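In what follows, chain A forms one complex with chain B and a second complex with chain C.
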Partner chain A sequence: MRRLGWLIPTIYIIFLLLPIYWLLNMSFKTTNEILGTFSLWPIEFTLANYKKIFTDPTWYNGYINSLTYVVINTVISVTAALPAAYAFSRYRFLGDKHLFFWLLTNRMAPPAVFALPFFQLYSAMELFDTHIAVALAHCLFNIPLAVWILEGFMSGVPKELDETAYIDGYSFPRFFVKIFIPSITAGIGVTAFFCFMFSWVELLLAKTLTSVVAKPIAATMTRTASTSGYELGLLAAAGALTIIPGAIVIWFVRNYIAKGFALGRV
Partner chain B sequence: MIERTTNQKAWWLVLPVLVLVAFNAIIPLMTVVNYSVQETFGDNVFFWEGVTWYTEVLHSPRFHEALGRQLMFTFQILAIEIPLGVIVALAMPRKGILVSVCLVLMALPLLIPWNVVGAMWNIFALPDIGLLGRTINAMGIDYNFTQQPGAAWATVVLMDVWHWTSLVVLLAYAGLRSIPDAFYQAAHIDGASGWQIFRYIQLPKMKRVLTIAVLLRFMDSFMIYTEPFVLTGGGPGNATTFLSIDLVKIALGQFDLGPAAAMSLIYFMIILLLSWIFYTVMMRDEDQK
Partner chain C sequence: MTIELDHVTLHRDGITYLDNVSMKLESDGFNVLLGPTLSGKTTLLRILAGIEKPDTGRVMVDGKDVTGVSVQKRKVAMVYQQFINYPSMSVFDNIASPLRVAHVDRKEIATRVNSVAKLLKLEPFLQRRPGDLSGGQQQRTALARAIVKDASLVLLDEPLANLDYKLREELRSELPKLFRDTGTKVVYATAEPGEALMLGGHTATLCEGRLTQFGKTHEVFRNPHDLITAKTFSDPPLNVVSVEKRAGEFVMEDKVHFTIDRMTDQLSDGRYVLALRPHHVSLKARNSHEIELQGKVTIAEISGSETFVHLDIGTHGWVCQAHGVHRLDVGQQVSVAVDPDKFIVFNEDGHRVGEHDDRVARAAHG
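Up next is the complex of A and B:
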């Protein structure tokens, strides 16, 4: 059993990689080849699809837009969540448990429920079709998650650290920035990763809140699919490129990711 | 567990989060509540309707069917993903470079935008150009997820297993890693069997992370929209029309704001209620420690 143990993860990973391989395979084919012949690898290998994406502004702007609002959202979420998570991990205060659960309920709100009201709210504030609108809207589910993960990590830091610092005459803000934050960098990294991830993969709200200027790449893909026929090769290439940012950030947090997925609670 | 001191000033630390989330949660939620009790014929003219829409939604067979499909889907993916995730986590290497490689490769599906997941599975499973569709048909099974309700359902379930099992793997793996080696050595000396080690050492240690896994998978699968929408569009017929898809059809497709809003709130309440049960169970276990 032990000796064959490696088989299970291997089969599982192959299962995970097959659809990704197929997407890559298609992205190097012309649409004609995709529709005309069936082959396990590209016969007429072409980079035309990728070239089109990197040279056509409607395409590459999609990536820039997505990355912009994702980064803004990550910064807002982590910054706001840090003091809140500290409060939840160190103090008891009136209504703390209810507040914590209320925050979590927003992680449970189906985006489909909020799509239309969000459109009206952000239109009324004249923020429709801006990066900041999407970044703020994604706070709905990213802040609760950030608070939850950070609280888990912070509860792992012994309270003696705080007490010693206060005895040494540190004020709260100075202690927080100079001592506490450096002691949970791993937790912050993981939290940032999660905010990045959930903002990057979400589409329903991002699509609802944008039209031209801040249109995310995922929306460019769906609109292209419906307007200019079905350019499969191009669509596959665009899809393949959306995997890259995630793969890069995941490499940086790989050692902490397991703990992060457990929301710091292991 | 840290002993927490009472300090009402902590509210100031929570304030930024409170403002940001309340802005995004309460205003839109009130808009929905507003729609759910009124009727409109356009031009921003509204009439009070009371609980009419709620009664209508609660009695509509369409809602019952979508809810039934939703519950069935969530139940099925939990029944597959949780055990599968635990099995993979148990078989994963514990040390060395292979761990990083496994973790990164396994986390990949989690980082792909949801509509790309749908599009990817679409071209993967299509019977004419997809690897999966071709393979199944070559084995002599008639498979076309765009026309057969059963095949569409199976494809959506398989896609979700592909997309999210890794979350369970990573959680379970994190739980396993927290078990000190001494536990295994003691079990070895006592001559414990593999099953006993799993039952009395590994499973109890994983209990907490698995509760989180069930909670997260429950919430997210209950809200699923983009992936099945891109893959099947909720079809063929209504075979894969889950609650969110149905909701968007009513709200944006037919522009029936009242019923859609009432349905939104009922839908949200169901998630809230079930999540609250999970959450209370989870926190009770945590308090016992």
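Up next is the complex of A and C:
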């Protein structure tokens, strides 16, 4: 029994990695091979799919659009959440606990609920098909999340730190920027990561609020048929590339995430 | 420079943190605030710092009311029980931070930080982060930041409570030296009577937000004005018994009769409360003028070369602090000797009665 102890984790990991492997496998095949034969690895190995994505603006613009609104959203979410989380962690005010919980409930509603009102509102404001529209729409679930995570990290900083800074002569804004924010960089990193990820993977609102100019990669990627028929190899390559930004961001915050889990806020 | 609290009261959420406290800080030696947890020590410091505003009452500096002046504009420094430093800055930047905020010249900052670092033996660590230092070094950093500022008022809130025994002793002996001859007023909050005695200076005893007595530390210890002060300023706890005086004699529990010479003529008959410090209760055989009490051991703790014997004498629980190691069993009958002259006498309201006896004072000190 003990000798087989490695077996179950291995099977589990293989199961987890199988779809990713299959995606990579497909991305190096031609569409004909994918549809025509079943093979565990590419027989006619090709980089044409990747080449097409990096040279065709309709493809690479998808990545640029996605990255643009995701970065804008992350910046807005963290910036807006910092003072809010500070208030929740440091002050007691009427209904603070209810408000804090209400923030969380925003994450419970499916984005589809908001698709129609957002579409109408953004069209009326002439923000339809802009990066900022998607970035703002994603704030709906990212700001509450950011407040929730940051509040945990901020409450871990003793209130006496604030007081010491005031006694030393720091004004509140100077204290906040020079001392407080550097004290919670780990928390900000973790928060930014989650905002990035949730905005990156969200498809419905991004698709609803854009048509051409700000069309996200996920929207381009999920159209299965085009004028030249099925382009499965190309879609697989696009999918493989979509995983990369998340992997990069995870690598940067890998040490901080554990801390976030320890605080119970991630 | 004078700093004064004028009838300061503070309530929060129905709890009284400070109740009509007035005191004028002394600049000769430390001002020790002594009291158990929740006695209002920290609140008093926070009001002196300007972090908290009293409900009523004023804080006066040189006769001017500074109650509403913001923290940043007061010339104070504070060190907390927890080691509070700026985690993202090096030790040097931590110490330099109050000077940087005050726009002190760069060269001067370097010289002042270095001299304070030298004083507190922090020189080897100046480039490290506080998080990489030991607790003692972290607290030294916090102290250095308080000293470098040259504040006219330094507030120390149980600064040694989180340090281990050795470091605590070392830093405690250094602390008064750091502030000697600087003209800085230092307020030191502590829950340990022993610490107040070691620091000297002046002591204010606090209980449930009230200032019960303020004066020279040894004076407060020797000559407490009331029972609460005596209790606050005693560790291990004070032995308190209620007695009746009739026909010139004190009667304890209807059994033990004795006289306190100096009280015979001073006090009228009636009920009194007597207090006796544990180190005045002896396990040795009684001398001619001492009285003997019979008790039952409830617990005997040996601490180094001393033994703390907790015993029941009649209906009262007593503590005897005896020199040497005594092995006593729980439930064992023991007799203890007590010198009646060492009793501090209070009336039933807890106010000190009778003349202050210098012999008591000398004995208490010794």
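The definition used in the following text is that the second predicted complex is superposed on the first by the 243 of 266 C-alpha atoms of A that agree within 3 Å, B and C clash if a C-alpha of one lies under 4 Å from a C-alpha of the other, contacts with A are read in each partner's own complex, and residues count from 1 in each chain.
Throughout what follows, contacts are C-beta pairs under 8 Å (C-beta built on N, C-alpha and C of every residue); 3 or more make two chains touch, one makes a residue touch a chain.
Nothing here was measured: the structure is a model prediction, and the numbers come from that model.
*Asks:* Please determine, from the superposition on chain A, whether chain B and chain C clash or fit.
*Replies:* fit
*Asks:* Determine, for the superposed model, which of the two partners chain B and chain C contacts more residues of chain A.
*Replies:* Counted on chain A, the partner with more touching residues turns out to be B.
*Asks:* Now for A:T164: first (chain B), second (chain C), both, or neither, which partner does it touch?
*Replies:* After superposing on A, A:T164 lies in contact with chain C but is clear of chain B.
*Asks:* Check whether A:N106 is in contact with chain B, with chain C, with both or with neither, and answer first, second, both or neither.
*Replies:* first
*Asks:* To the nearest 10 degrees, what angle do the lines from the C-alpha centre of chain A to those of chain B and chain C enclose?
*Replies:* Computed angle, apex chain A: 90 degrees.
*Asks:* Is A:S123 touching anything from chain B or chain C once the two structures are fitted on A? First, second, both or neither.
*Replies:* Neither partner.
*Asks:* A:S211 in the overlay: touching chain B, chain C, both, or neither? Say first, second, both or neither.
*Replies:* Neither chain B nor chain C is touched by A:S211.
*Asks:* Just how close are chain B and chain C at their nearest CA atoms in the overlay, in Å?
*Replies:* 10
*Asks:* Taking the two structures together, which residues of chain A meet both chain B and chain C?
*Replies:* Shared contact residues on chain A (touching chain B in one complex, chain C in the other): 158.
*Asks:* Please output the residues of chain A touching chain B within their complex, sorted ascending.
*Replies:* Answer in residue numbers: 1, 5-9, 12-13, 15-20, 22-23, 26, 34-35, 38, 40, 76, 79-81, 83-84, 86-94, 96, 99, 101, 103-118, 120-121, 136-137, 139-140, 143-144, 147, 155, 158-159, 197, 200-204, 217-218, 221-222, 225, 232, 235-236, 239, 242-243, 245-247, 249-251, 254-255, 257-259, 261-263, 265-266.
*Asks:* What residues of chain C sit close enough to touch chain A in their complex?
*Replies:* Listed in rising order, the residues are 46, 49, 51, 71-72, 74, 76-78, 80, 82, 84, 86-89, 97-98, 101-102, 142, 145, 149.
*Asks:* Could you please specify the touching residues of chain B with respect to chain A in the complex?
*Replies:* 1-11, 13-14, 16-18, 20-21, 23-25, 27-29, 31-32, 87-88, 91-93, 100, 102-116, 119-121, 123-124, 128-132, 134, 162, 165-167, 169-171, 173-175, 177-178, 194, 208-209, 212, 219, 222-223, 225-226, 230, 243-245, 247-248, 251-252, 257, 260, 264-265, 267-268, 271-272, 275-276, 279
*Asks:* What residues on chain A touch chain C, complex-wise?
*Replies:* It is residues 158, 160-161, 163-171, 174, 179, 182-183, 185 of chain A that touch chain C.
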